[in-house]
Amino acid sequence: MSYVELSYWIPLLPALGFAVLILFGRSLPGRLAGWLATGVMAVSAVLALGLLRDVALAAPHWDLAAIFSGQSESALLAPGSPDFPFRLEWNWLAIKGQAGIPLVIYVDALAAIVTAMVALASLFIHMFSIGYMWGEERYHTFFAFLQLFSAAMLAFVLAGNFFHSLLAWEVMGLMSYLLIGFLYKKKTAQQAQKKAFITTKLADLGFMIGLFWLYLLIGNFDLADLASEHTLALIPAGTAAVIGLLVFVASVGKSAQFPLHVWLLDAMEGPTPVSAMIHAATMVSAGVYLTARFYPLLIHGHALMVVAWVGAITALFAAVIAPAFADVKKILAWSTVSQLGYMFLGLGVFGWAAAMFHLVAHAFFKALLFLGSGSMIHGAKTQDIFEMNRLKKYMPWTYLTFLVGSLALMGIPPFAGFWSKDLVLHAAEEHAPILWLMGLTAAFFTAFYTTRLIVIAFHKPAMPSPWKAAAWTKGAPWLNLGPADAPPDPEPPQGHHPHESGFEMVTALVSLAILSIVVGLWGSPWADYGLLKLLYWGDAPEILPVGKLLSGYVIGTLVALSGIGLAWYWYAAGDPLKQRAPLWLTRALQRRLYIDEFYYKVVAALGQSPTYVLAFFDRWVIDGLVDLSGWLALVASSFLRYLQSGRFAVYAFYMLLGVLALYLGGIR
Amino acid sequence: MTLLLIFLPIVAAALVGLLPDPKAEAGKRIALGVALFTLLASVGVYFAYPVGSGGFVSQFRLDWLRLIGSSFHVGLDGLSLPFVALTPLLTAVSVLASWRKTDKGFFALMLLLQGALVGLFAALDLIVFFLFFEAVLVPMYFMIAIWGYEERRYAAVKFLIYSLVGSVFMLAAMLATAYLAQPALGELSFDYLKLLSASGYLAALPAAAWLFWGFAIAFLIKLPAVPVHTWLPHAHTQAPTAGSIFLAGLLLKMGGYGLIRFNLALFPGELKHFSGLLAIVAFVSIVYGAYVTLAQRDLKRLIANSSVNHMGYVLLGIASMTAVGLHGAVYQMVAHGVITGLMFLMVGLLAERTHTREIAAMKGVYPAAPKLGGVLWLALLGGLGLPGLAGFLGEFQSLWGGFLGVMTRPYVWWAVFGIVILAGAMLWTIQRVLLGKAETEVADLEPYEVYAAAPLVFLAVLLGLVPALLTPWIDAGIQPILTLVQEVLK
Amino acid sequence: MTLAVIILLALGGLALALAAPNFDERPTVLGGISGTIFGVTLLLGFAAMHESGVLYGAVQQGPLTGLAIVLLSLVGLLAAAGAAIRENGFAAGSGEVHALMMWGILGGVLLVGSAHLLMFFLGLELSAYSTYVLVGYDRDRRFGTEAAAKYLMLGAVGSALLLFGMALLYAETGSIAYAGIAAGLSAHPSALAVGGLALMLVGIGFKLAWVPFHAWAPDAYQGALPLMAGYLSVAPKTAVALGLAVMLTQAFGDAAGMVRGWITALAAVSVVLGSFWAMGQGDIKRLLAYSTIVHMGFLGMGLASGTLTGYVAVAYYLAAYIVTSLGMFFSLEALEAHGIASNLEAWKGLGRRNPMVGVLIAVFVLSLAGAPLLAGFLAKLYVFAALAQAGSWAALIVAVIMVIFGYFFYFRILTALFLEEPGEKPAVEVSATAISLMFILAAAVFVLGVWPSPLMQWLKTAVASLMI
Amino acid sequence: MVTLGHFLLLSGLLMAIGLYGVLTRRNLIAVLMSVEILLNAAALAFVSVAAYRDPHLFAGQIFALFIIVVAAAELSIGFAILLNVYRSHGVVESDAISEMRG
Amino acid sequence: MSLTAFYALAAFILLFALLAVTTANMVRAALSLAVTFFLIAGLYVLLGSPALAAIQFMVNASAIPIMTLFIIMMTQSRNSPAPKSWQIALGALAAAAALVFFRVAVDHGDSSVASASPAVLGEGLLRAALLPFEVASVLLLLAMVGAIVLARRRAG
């Protein structure tokens, strides 16, 4: 029994875990619900790793060194097994005369790698949550939701049919919604969950329409079919571009790219493991994954530049804004937005494998960072980095792992981010120098805000937060799609001493820290590009000659170091509270460059503007006309009743009139 | 078997009506028993149906009105079976939902409705169809008018008159169809299957457009499509819980079912000719319905208006005239029956507890009553077309089919926005009603209420994940019609 | 057999009239006698259907006359039984009611069977005069007297116009026999004949209460005792409708097409205006009068269609209307006998004060409205089918639209019955006789609505003679 | 020569007069008298048609005979009703009997 | 037949008929009516039907006016109130309509009159119209019973 044949259990197990927990979770004692869910994820993760092993053995391998030296014709070392990519198919929804919607599990190298990544990240986040969520109301429900989310994400990754991709995609959206609002009694959480759902749902319309159009042209929703030249020949280039971009819109929404990034910051209202899992490691990168799956179409339609630009703008913009925040989770959320931008940038400049590499690497180190922040919050009882009190002293494990994650994020060798991000930047440099410059600038800011975070939270004693006064708590009219950048509540208790987190949480942190290093190394030249060998896709000209690569590594590292240096100079060496940007700039950044307000006051307001007009129209015009016709009948009736006057002579006259009418009618 | 499914409830209704004590407990027990028994029977018929070969099963035919060529002809096929099975299910749910009521008349009316609805879906004779179409009105009228909320009479009359407006034109069209088809058939017949064989002849008639609209008006009102939908908010809002479940779960389906059965099958040419217009109506229903939903302050009214949106997808699927779209239409109808039935069930139970339907007067229902709140949450999410629940597949297929249809394609581009608007309405409702801190005590679901909700929850999920429980039947019902349509259109 | 029926009815009425004063205290005896006679004539009617030939050159024997005997005897039988609802009889004496009704029925039979205008006229007058007296029967009822006066005078004018019309037809064709008239009329008759036909239609339309000859009906119904109103709503109408059918096929010859057009117009106007008038009524008998106008409109549409389906529809309509309308009026009679006036105000919450009575009345009202599974539904359905067959689309559309209005005003009764709160009003007791009669009629309404085939088949053979 | 037309015209004129009377008279007895004129007009028409156009059967004249009978019967019932009207309303005028309307 | 006699009779018939429907005094109106009917009997003679004329004289011109006079006395209706203006309008309209309607009658130009002897009439009555004859008796009976019923009050 190969792992491939068991692959459907990978999403199915957590789904069953969900069913069990939602139905019977309430009666499970103690932390059993958490352990049960973690156990289920562990089995899934083992299966996923097994699947990865199967794929690694069966997939074709390329000699990347040969490609680097320009001899691509002899690059294929091993052609791969004939039944690769693996495909399992069941009849799901059949319509006579149509392709219908078969249930397909499609496992190629990308799917296997991302599956393994998701399963592992989920496993550790589950484990972390056992301790983190303990004591919360609806403890078992939380794990049930996490399980279903994992199931959906795994199903999405493994789906071989775009309809099922959409299905899983939407279920992820739902779980994101439910988990953001897990603390449903908070008004801010309610607003945030609604905003997230509506924004992504709006974006998903593109996915839906794109699928319809695709089906119209090629007659099915099959993922593998899309990559075949025969199929692509059916689609005119212009149409391919439109379809590709429609789907890309959904990706932009899901991956919180500019200009649909607005929901992710508010999504930090959810519990920290949720932020780690959904809003850092997995779901948000599903958008990138989807774009990667539609890659043939985008290439066919010459639409990649749009993707690249969106990615580059987002990467830069988010990295610039991040230093303006004091909430540790929000800084990390901006960081996520920025890093996802890198992935799109990579995809957009033909760096497909690089982007995917970054996706996997980012998942681990960002999960690690979020869990670390969770641990910080857990220990310090505050989310504001200025209020955290020399955590390095109290939480050594947290500090150490957080530092690993940060270095990976900043792109310092030999951590994961270094290898993946610089590959992306190399691809950009080759295809669009201006995007490369934007990416480098973003890298500088990344290093800056990360260092700032570490210095202030871990090294400095607590200080009054300068940001609270400026916190923006404005509600919104009407539908209240609202940004909810409210101060975190409850207020931190005074005189609290931070402490290190429990066993499960630390284990999870350490495991992820190790993975953050391992994954990077697996894709590094020193490991003979093990990961990239699997991912490498056909003749994409994305990997550059070694010489140029090395220079890129050096430049990237220098930029990161300069960012660290500046932050160190300002915050570690100086007094953090003295370092202030001009007020207008602070305010603009804090208000997220007014983009949310634009959505509120313009887009949402315009979108809702017909509501009351139409409701009025419905009640008083359409229904009013109906009532009016009834009323007119009654009025007519009351007038006609005067004809029946009670007078005999009048009645006789009616008879005569009747005769006359008949006579005149008959005589013609 | 068909006869049993139709007449057992009717006979039982008479039995309940004749109980000496007007407040007899036996009334609801009989009603529940009959509903459950017919449910078992209908499920049996459903699964015994030969999906592969299709056609009509369990046919029964009896010369009835020989003079005008109408016979009591009933039978079941893949198109009607889902509804025939859904009817007793929702009846059972409604009985359980009304377990606190004691009036025997209420339960008798429910059984009467059940029988009439099954008869409607099983009818294979135009006159019989009309008979049951009308027969549904009277019990529903009384159910709303006697046991409804404060403006029940206005709502009941509106429901009655609106429905009649449609049905009388349908009757006229039926008569005209039969008489105009007489030369082709060589005899006067209201038999559906015979008329079906003459659909090519009917299509060539100069009066075909009139006939088409005669049928269509009735079904569009029942569906309901904007702008003939305004009976629905009143009726749904004012009806008692059971009445709302029937209305939403089954009565609206009469419209979509009729459109497929008659407008599509008998007048495909006209449907094709007017499909652009119908697509506009569908698009307007979807978007407009969603917007109006967004503005409601009354919880039941809100859900009622969401039905306008949901049934817009049905019309879109039908107007597309594609296999996919029709699948979507039927799927959406069944899904809507389950999910909106569930919504009304929960909202009804909630309104009984809080003694208000004002959204503004509710808050934090979920923490106060987790089971009720949780199920209502699920139902509302189902209402916004959440994937994994039945509603999504219906909407998706309808839109998909709509995109495949040439005439409907342009409107799909805009109809999809209805999804987001409705999502906004539903989420906002969830936020206002369910979330937040509990302010008042709300009793959680009683065991029997859990039993009422459980099958609907189960079905909502099951149909969202396992379409194979429905699509083969739809295929068996739709494909012969589509084949015929293609022949006629040639 | 026809002759036997005529003699039986004439002498039976005489006997009842003579015996009447002696049975004032025991009114049911007279009802029993009357019922027996009608029972016998009912059976004779079936036999009469197989006869042929013309009786003394005046009365045709045949299926249609037999049908008229059966239907009218049924009316008589039911009315005789209905008289028992008022257990203490009528204020002005009980016996003569039976005699008058019997003679009225005799008039109806003669009217249908007549072979020439004179017989038709006499039959019409016979049936009319009995109703004049019946409407004004209780002279202590102020409205009854008023109604009788108006009814009689309008009726007299109607008769005079009818007579004049007959005279003009006679002038045109030189004959008063149906066959002779038919021979003398062309498809485009002369102005004289058009005038004659128009005037004749007035007299006939008056009895059928077609607008604009309807004006007497609301007053007469409202003023009369419910039993009399019930008789009034079915007996003359059954006879005149069938008589008109005979005339259309036998007397009007080629001009029948034109007359059918008139009838369609009158019927359509009746249906529309009747519905509007019925909408705001508070008095149930008055409402039912307008309802009758509407029903006679529908019936007229069937008559005018001129097809076999149309004639069967008319016959079925009459049968259905007899049981439904009598059931309704019996209910009114039973309630009035217990002091509950026939208006919506007094009927509030009746369905809760006595559910049995409420449900039975609901059956009649729903049948009148045309709800499915009841006789009224099929009656309308057949008429509509006939219209479709004849291609009278405009009439069909008008008719179906007016069905909606019908529901609207009939449901006002149901609203009063079931939806209004009874308030302080006491429970309602109704005599066992009344309940059983109502139940029998309701059952008949239901059976006719569900399983009409045997009746339909029989009616078809009866009216088939019209088509030759 | 006196033709049938003369008689028909005369009876028509009588009809018009009778109708005028029916519509304008407020005393109900006078209305019934006008009705009598109408009936006589019809009878006259029958008789004249019989004389001119039905020389063998004289059906119209027999008809006229019956009209006279019917008129008498009608009057007797009519007067009985009018007497009741007089008893209950105090007058026999059309204004009095216009209580039912609508 | 004498045109003069016809015109003279017709003129007086119309005159008295007009009087009968317009005179306020009820007794005068009844008497005018009697005269009208009497003159119509004259027309019947002109039309060659003396038997009918006799019956007309006995019933319509004598019995009915007398009955009418009785009823006029019993109800104390001395005068018929003057018609209201809308009544006159309706009446005039109706009469005019009737005239429009009857203009067609003039076209009939038959001029030979067949006279019906009482024997012919009697035979027709009892042979051709036997059943109507019997029915008429029932009709009269009905009228009698009806009149009695309407007039009497129940004993006790």
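Each chain carries a letter (A, B, C, D and E) given by its place in the written order, and its residues are counted from 1.
Keep in mind that, in the parts below, a residue touches a chain if its C-beta (ideal position, glycine included) is under 8 Å from a C-beta of that chain, and two chains touch if they have at least 3 such contacts.
All of these numbers come straight from a predicted model, not from anything done at the bench.
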Chain located farthest away, centre of chain B as origin (C-alpha): E
Of all other chains, the one whose Cα centre sits farthest from chain A: E
Chain A and chain B, separation of their C-alpha mean positions in angstrom: 37
Length of the line joining the C-alpha centres of chain A and chain D, rounded to whole Å: 97
Averaged-CA centre spacing for the pair chain C and chain A, given as whole angstrom: 78
Mean-CA-position distance for chain E and chain C (Å): 31
Overlap residues in chain C, where contacts from two or more other chains coincide: 118, 122, 125, 129, 132-133, 136, 139, 149-150, 153, 157, 161, 168, 171, 191, 195, 218-219, 280, 408
Residues of chain B touching at least two other chains: 161
Residue list for chain D, restricted to those that touch at least two other chains: 4, 8, 11, 15, 18-19, 22-24, 31-32, 43, 50, 53-54, 59, 62, 66, 70, 73-74, 77, 81-82, 84, 97, 99-100, 102
Pairwise chain contacts, counting only pairs that touch as defined: A-B, A-C, A-D, A-E, B-C, C-D, C-E, D-E
Sites on chain C touched by chain B in the complex: 309, 312, 355, 359, 366, 371-373, 377-378, 381-382, 384-385, 387-389, 391, 393, 396-397, 400-401, 403-404, 407-408, 411, 415, 418-419, 452-453, 456-457, 460
In the complex with chain A, residue positions of chain E that touch it: 87, 90-91, 93-94, 97-98, 100-101
Residue ranges of chain E in contact with chain C within the complex: 101-102, 104-105, 107-108, 128-132, 134-136, 138-139, 141-143, 145-146, 148-150, 152-155
Chain A contact footprint on chain D (complex, rising order): 19, 22-24, 31, 94, 97-102
Residues on chain C engaged by chain D in the complex (per definition of touch): 116-118, 121-122, 125, 129, 132-133, 136, 139-140, 142-143, 145-150, 152-153, 156-157, 159-161, 163-164, 166-168, 170-171, 174-177, 218-219, 222-223, 280-281, 286
